[in-house]
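Two complexes are shown next, each including chain A; its partner changes from chain B in the first to chain C in the second.
On to the complex of A and B.
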């Protein structure tokens, strides 16, 4: 995990493992996208070479991430610092019903 | 996995009558039941399970698409239904983009195969990832046309 401040814009990047019991299924994907839409920073989620716009549940579902998949979350923008933890928490929560 | 691997041909509704999310789900479950993909004893409970899932958060994923779904004990294999709404205003679905829904895919899957469920979700969003495909589907007037388009027949 790293943070860089450039001219007032912070860029943060972290590597996480998706822990919802059934992977990145619809509930975490839509919860993530909904939350991401509330921040100004760009949100990108990567699974290997595939990249998803974190604001799009469709994009996130197309990452096809079963349990244990290593996802990279990239945030780029002035509120990236405050957006990172809640967004990552959705992917690591492991508290979603299998739905 | 292809869409037509789990889509039941008899559960394609080219002109959904429903005007609400609840009606749409009930109509689609009824179609799956009529197609023989859900047994008599489970029909009401599957409808309730899909509605309960919606209460946890809408499955309207934007661009006029919704994928209501449930894992259900009665399901022995993954089955799906497909519906298009011709209502000018679509169906209010509390979708993530706030827009009404015109294309619905219902998925009912066994409880013990989460990987298969995830693949089906991936398959559906891949199928409709571009607007042109979505427009072609909405342009189909019959279930046979929709099946032919999706199966490549």
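On to the complex of A and C.
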């Protein structure tokens, strides 16, 4: 998916995070995608050459990222700044508390 | 192009679009929908997805209440796939672009995902995810199907059916005119798929190993039942070669059919045998006649029951029986076997049929009928009513005790009395027989013989129950062997009991369709064979080379042997000597 900013200024943020301690499995992937859908910015997660649309749990799962892998999270859009911390928090915590 | 090797169980060549049945037998419509219906399919998909989300949420709440938040959260995660807009959009895209049915689009898309997961099977996550996606597919397919799940007979064009394995109830509902070949991942040469293919006279290859994720419905595949090949995505040269081979084959089999009709089933020393056909569907009565069968020795009636929204009515039964009697003619026997299925196969039993841990030793077949008298009596009434249209005979399956047979006969008498009172015509002297397919029945065959007009040895179940080996389970399939001395001794008891009581002993299992067993069976005293119609010409040919005294020596020799392999080798050598081409 292309990184297109709708209206406003385009803000691009790239961070490298270690993959969740127990891997990017169904729960963190679902939580991550759910949260990503709440933002307007495009979210891409990369594991080496593989790229996943951050809004799709399936895509994220297909990264097959084992624990400790370095993941690249790219955000592109006006709310990239706001989105960055909570999204990264899910990956680093490995768990996401929906409450 | 990919060539997969399996076990050839039914000869012939078929080329056609694939109809893929998933491992649990959920039918997937492979036909596309008309373009104007694509929007409706998208709506159906969306509705199913919403329903699945609700279902997952409910499960999560229920589980969380029961086991705590942690466990509940697992279900939230599983439900997460249903909320994956991208995943759903991908499926939707297939519907819009190719006018696939919603079911097919789901399956096709998930198959792609599963294939990617299989390619990464060295990663433990991939293995776990595979199950999640399969669940997702099943969940959606189940919701999409609902009550109008498209049954197989509704396929509109001829197809090659691909499955992990076919269950008896699935096969019973196949529209034989539209299925050109079968290929399955598992199963051996005695699996139900193999029998079915034989009955339908269509090519089949089983035991191919995993291939379902490599193929989607409507892909063109080739089934080469002569050599045991399944060819996926064939190239043009291969297609041309196989089309030509198929054309030649058709010409040849037409000639074969014509000659075999006119050969009588008489041994070299002039003993006349009766060769009958086994059928599963009314339409197969014609195959029997084409192959020169002198009637129907086993008319399975399960097709009337399975996957119907209601149990068949007396009229449904009656029409099916009358059709076969009329086709076969008034003077040739038609042996109708009463219902031979487990309770889980019934539409009206869904929900209340208890899950049996060991269904083959459970409430099935005649046991089920004796517990469900309205169901049983409906069938018996229809059979009796149809009896006036020809030489109909009734046969009870899976009788294990003398008591069961007595019960069956007394219920039959009740039904006869009811018909009499209502002034409905039926033949009062319809012959009644029992199958001998449970070892306990073979052991008391002398008692049973006094109460019936004929026996029919169902070798498939007799072998399975005698050796306690499921023939569909590859791990123990080698134990399953009709040539096992234990089986032969039981059969010997049965034929002796039949002779002593002066009743006919027929053999209707697959054993009777194998030319190598013909000398043994004749030697044991069997004079009536009932086999898949396709096998009848082969048996006739072998029979014409045999003499009864020789066969009796063969049988005596076999009964002295200690192992199945000794018997098999001996019979094969014997058959090879008298008719080289029949021994293979």
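To be clear about the criterion, the second predicted complex is superposed on the first by the 81 of 99 C-alpha atoms of A that agree within 3 Å, B and C clash if a C-alpha of one lies under 4 Å from a C-alpha of the other, contacts with A are read in each partner's own complex, and residues count from 1 in each chain.
Just so we're on the same page, contacts are C-beta pairs under 8 Å (C-beta built on N, C-alpha and C of every residue); 3 or more make two chains touch, one makes a residue touch a chain.
Remember, it's a predicted structure, so these values are computed and weren't measured experimentally.
Peer 1: State whether chain B and chain C clash or fit side by side on chain A once the two structures are superposed.
Peer 2: Clash: chain B and chain C overlap once superposed on chain A.
Peer 1: For A:53, decide between first (touching chain B), second (touching chain C), both and neither.
Peer 2: In the superposition, A:53 contacts chain C only.
Peer 1: Which of the two partners, first being chain B and second being chain C, lies in contact with A:34: first, second, both, or neither?
Peer 2: both
Peer 1: Report for A:66: first if it touches chain B alone, second if chain C alone, otherwise both or neither.
Peer 2: both
Peer 1: Which of 8-16, 188-196, 206-214 or 368-376 in chain C clashes with chain B after superposition?
Peer 2: The stretch that clashes with chain B is 206-214.
Peer 1: Across the two complexes, find the residues of chain A that touch chain B and also touch chain C.
Peer 2: 23-27, 30, 33-34, 37, 56-58, 61-62, 64, 66
Peer 1: Where on chain C does chain A make contact in their complex?
Peer 2: Touching chain A from chain C are residues 73-74, 76-78, 80-81, 83-87, 113, 116-117, 120, 123, 125-126, 128-129, 132.
Peer 1: So in the complex, which bits of chain A are touching chain C?
Peer 2: Answer in residue numbers: 23-27, 29-30, 33-34, 37, 53, 55-59, 61-62, 64, 66.
Peer 1: With touch defined as at the start, can you tell me which chain B residues reach chain A in the complex?
Peer 2: 53, 56-59, 61-63, 65, 67, 69-71, 96, 111, 114-115, 117-119, 121-122, 125-126, 129
Peer 1: So in the complex, the part of chain A that touches chain B is made up of which residues?
Peer 2: 21-27, 30-31, 33-34, 37, 56-58, 61-62, 64, 66-67, 97-99
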